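Next come two complexes built around subunit A: one with subunit B, the other with subunit C.
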Partner chain A sequence: MTRLVCPEVLIDRLEGRSLCVRVDSPDRIVEAADRARRRSPWTCVICDSAVPLDEINPEETWRGIAIALMAPSIGRFRNLASRLELLRGLGLRVFLPGEGENLAAARLLASVGISVTVTFDGSADWEALADLMTYALIGPVRHAPVEPFETMAACYRSAARGEDWGRAWFDDPSRYLHLDAAGRVALTRRELLDGRFVADGISNLDSDEVKESVEARNQAWRELFAQDHVCARCASWRICGARFAASAPDGCAAFFDETTQIIERRRRTGPARSWQP
Partner chain B sequence: MATLILKPTEACNAACVYCEVDRKGWRNARIMPAGILERMFVRIDEFLRERPAEHLEIVWHGGEPLLLGPEYFDKARAFQDRHCAATAGRIRHTIQTNLTLLTPAHVAALRRLGMKSVGTSYDPVAGVRLLKKGDDGTAYNRAFLDAVALLEREGFRWGVICVVTRLSLARPLEIFHFLTNLAGDGGLMFNPVNVDKPEHDRLRITPAEFADFLGAIFPQWWAHRDRYGRVEPFRSLIDALLSEDQRTHYCQDGGNCADTHFNLGPGGRWSHCGRSADWGQLDYGTIFERSIAEVFADARREELRRRNEILFGGDCRGCPWWNVCHGGCPLDGFMNTGSFSGRSLWCEARSRLIERYVVPVARLNERICAPTA
Partner chain C sequence: MANILLTNKCIRECPYCFAGREMAQSEGQDFLSWENAVYLADFLTASGERRVSLLGGEPSLHPEFVDITLYFVARGFDVNVFTSAIMSSARLETLARHVAAAPAERLNFVCNLNDPEQTPTTASEREQVEAFLARLGAWTMPAFNIYRPDFRLEFLFGLVERFGLRKRLRLGITHPIAGAGNAWIRAGEIGAVIERLCSYRHAFEAALIRPSFDCGFPLCRVVDADLGWLTRLGASTNFKCRPAIDITPDMEVYCCFPLSFLDRRSVFEFDSFRQIVEHYRKLQERVRTEIAGIYDECGSCIHRSEATCAGGGVCHIVNRLAAEAPATLKKIADDQACLS
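And now, the complex of A and B:
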């Protein structure tokens, strides 16, 4: 079932749908979850925080709520120390932009048992990301999952096309559609922010136009082969799926090649440790 | 298993730059009449009844078989139902097509013939695959890519042959990745271009160049062979080097085509295989005169049967790679030496590929089986 990533204001209009409710402050998490839970087989709350993780006070009332907490950074780790036990016990995943000190911070959070996701685009520091990916997939010490690498590993198929790992970022139109406050529908968060919509209202959510747009997006990779795009000829295509084709970045091929090898190594040897939440 | 290369038409909708089919005026070629198609199933039933343990693979070939239209395939299915009621379970249909004419109706008709996969060919090199002479290949590429998308939506698998020309030589790994990325879990086979017209000199490659092209890919394939579908000639080569089972080969290398392959052209003439029919060699008469059993008993097959013995004790004596190629395709041998008992020109490609690339990269030295007659 497609999940709808939507602002709080739409909850009442989306009864019966699986929702990822987007709030802009940690203060809204509990109420948004309560409202969604009453009307929907809801999925999670996505909280866009403008402040670092260390300035957010997690609450006992968050227990039982799946929360994707998007923060610009973790702030000072020592400020988190007193909240680690609570953070670990929540259904919380911290999303960080995958740049600069956040890459080390992601490892730090994972090492103390807090699930973490890093987001990145074609301008990523691929070398630094490769380091984090290696830790995430075959690091020998116990740690919480680090995404999107776990999803990459789960989606990778030997001798076949893999699945879209963008789901780790809510960025996979066959699983997630993004709605703005007016109910307009976009295929990704980026396209929503850019004002590129495939339907102009909630009433069109199940329209053929939306279904065709999703199918077209799922098949869009084929166009790269028609263009003989550099990504179509890349050894790493089968894992990255040309996710960064538009920006044609340097370094992504080497990163994804290394990622493929690490995933294959992990499959051969088994995980170095097992994570237990 | 016996293999019938069925050419119900020799016409083709494409104009690939290396294709020399026009030597027989194929662009205006006829389509196999229904009477011959029906007769074929009568002959097949007769053959399979005589040999209860035998199976038959019908390879729909051409020309371009999709030119026939879906109705033609349905007609074949009806004839099979009518004449092969007791033997149909031992008949398997496959197809080799450029796919550019594929429609949902074709897919449905192929499915009714029991097909779940198709063989195709594609070359991701600009200006090679064309629908019309002089075009830029865009229309061909679009049609092909749309067709493979359709096949996948319909749940069909597909494998692809890539013809290596001089235009391919500069980018072996890019071509390999392009095709394995596109085909997913489908197979991939590289074949060398086979041209003899002077105007095709710009496409012609030597056996050494073909070996070096494959040699540039082999280390990548070997190191990560679990990532790809079946890639040829590598998979068969490794299997043949490490086992004495000679049946893992494709027809050109198995050394046993005399007892497995036959061809039927649109006019109802039997030949040995698709290539012999293309080249006007080894004509075994017509479907009205001769049964399939008689075609397999044709005296000219004796030379092909003796070929292994002649080569093993002659031109191929002492060759450590005999198990791999058995002197190659007899038709290539004929083109190279004027005799079906001659060695293929492409033997050199095999030995160079094995010695320079396969054995050192895969470290097979101590594991290779000794050649056997």
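And now, the complex of A and C:
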């Protein structure tokens, strides 16, 4: 079932749909979850926080809510130290931009048992990401999952094109559609922010137009072969799916090649144990 | 237990300093990074280690000292922080506020205290130390480094009482750092030092403070009566000299400060902490094949052969070799370099 990533204001208009409700403040999490639960086979709350993780006060009332908390950074560990037990007990995943100190912060959070996701684009520091990926997939000590690397590993197929691991970022049109406050539909968060919509209202959600757009996106990789795009000739194609083809990235091939090797190695040796309190 | 150096910087210049040469010669990065802190926590956890010491230099000079300390606690380690306790009121306030949330049994500040008369310091520094003890005394174990035979302990008993410090006193005999010119206790002085130490028995008993010996005390210089007293008091006596394992901010590792110039390695060369300990234990053994101990009689001593006593600190032997047989020392270093 396709999940709809939507702002809080649309909850009442999307009854019966699986929702990922987007709120812009941690203060809105509980109410948004309550409202969504009453009307839909609700999925999660995505909270866009403007402040670092250490400035957010997690609450007991968040228990039982699946929360994707998008923060610019984690702030100071000293402010998190006394909240770790609560944070670990919540259905919380912290999303961080995968740049600069956040890569070390992601490892730090995972090492104390908090699930974390890093987001990145074609201009990423691939070498630093490779270090984090290695830690995530074959780190010697138990830790919380670090995404999108776990999803990459799950989606990877050694003898075929893998599945789209963009789901770890809610960025997979066959699983997630993104709606703005007016109910316009985009295939990805980026396209929603850029104003590139495939339907202009909720009433068109189930239209053939949207279905065709999703299908076209799922098959877009074929076009790269027809264009003889550099990604189509890349050995790491099967794992990256040309996700960064549009941004002419430099260094991603080596990163995904290393990722492939690490995944294969993990399949031989088994993953590090998951973090347990 | 691993000693992790958060920084090579220090605010004091103690005459006996073990780390002075390291700090003076350090060319690496000044502060331990988060990447390396997490790596070390993983490395030690995977090695089955559950205790860690954070030191420097002065560890509290690390901009994220509080964070890294709490991180190691959060990772389940019992953490010892070796500090001079000299820090700004703002830093102390931050430290005290956050430490209050950490489990007391898992975090211990080992405060190196100097006799204000024999090792004079500024009034400002004394005030900062007292402010630290006033705020964090319950978390603090006093420590004293004996670097002159006429040392005095009276001031320590006063501080323990006044600030409610933990009732265990860590006592170290200061050791030579070859080429550093630090103040240290000669082998021939150790007997008198131990005798003087035990002359404080009534003060220890009255205050219910238990001494805890650091490395390098030779068993033969403690008379049986004093050994009995120490045992009854519950003192932690130690006549061994094991690899301390110091890890620098840029992830170099060596046996201990005095032997840091002999065989420096990268932590990344090793698969486990046990492997590091074993590597440097071999170094110590190699040194002792040249000279068994700090006294002539160590070579035939049953306590050394039975491993009840190490025969004093290997750093004394290295210091002697550096002065009397530098070629031998170089050969030892070359032999070590060949070990993979």
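We adopt the following convention: the second predicted complex is superposed on the first by the 272 of 277 C-alpha atoms of A that agree within 3 Å, B and C clash if a C-alpha of one lies under 4 Å from a C-alpha of the other, contacts with A are read in each partner's own complex, and residues count from 1 in each chain.
The working rule: a contact is a pair of C-beta atoms (placed from the backbone, for glycine too) under 8 Å apart; a residue touches a chain by one contact, two chains touch by 3 or more.
None of these values were measured; they are calculated from a predicted model.
By the touch criterion stated above, A:Pro140 is placed in contact with subunit C alone, subunit B being left untouched. Residue contacts after overlaying the shared chain place A:Arg78 against subunit C, while subunit B stays out of touching range. In the superposed model, A:Ala154 lies in contact with neither subunit B nor subunit C.
Looking at the shared chain after the overlay, A:Glu264 reaches subunit B, while subunit C stays out of its contact range. Legend: residue contacts after superposition of the two complexes on their common chain; A:Ala232 is shown touching subunit B, with no touch to subunit C. By the touch criterion stated above, A:Gln219 is placed in contact with subunit B alone, subunit C being left untouched.
In the superposition on chain A, A:Leu205 makes contact with neither subunit B nor subunit C. No residue of subunit A contacts both subunit B in one complex and subunit C in the other.
In the complex of the two chains, the subunit A residues touching subunit B come out as 158-161, 219, 222, 225-226, 228, 232-235, 237-238, 260, 264. Of all residues in subunit A, only 76-78, 81-82, 84, 101, 104-105, 107-108, 111-112, 131, 139-141 touch subunit C in the complex they form.
Those residues of subunit C that touch subunit A in the complex are listed here as 33-35, 37-38, 41-43, 45-46, 64, 66-68, 70-71, 73-75, 94, 98, 101-102.
The part of subunit B that touches subunit A in the complex is made up of residues 124, 126, 141-142, 145, 149, 171, 173-175, 177-178, 180-182, 184-185, 220, 224, 226-229.
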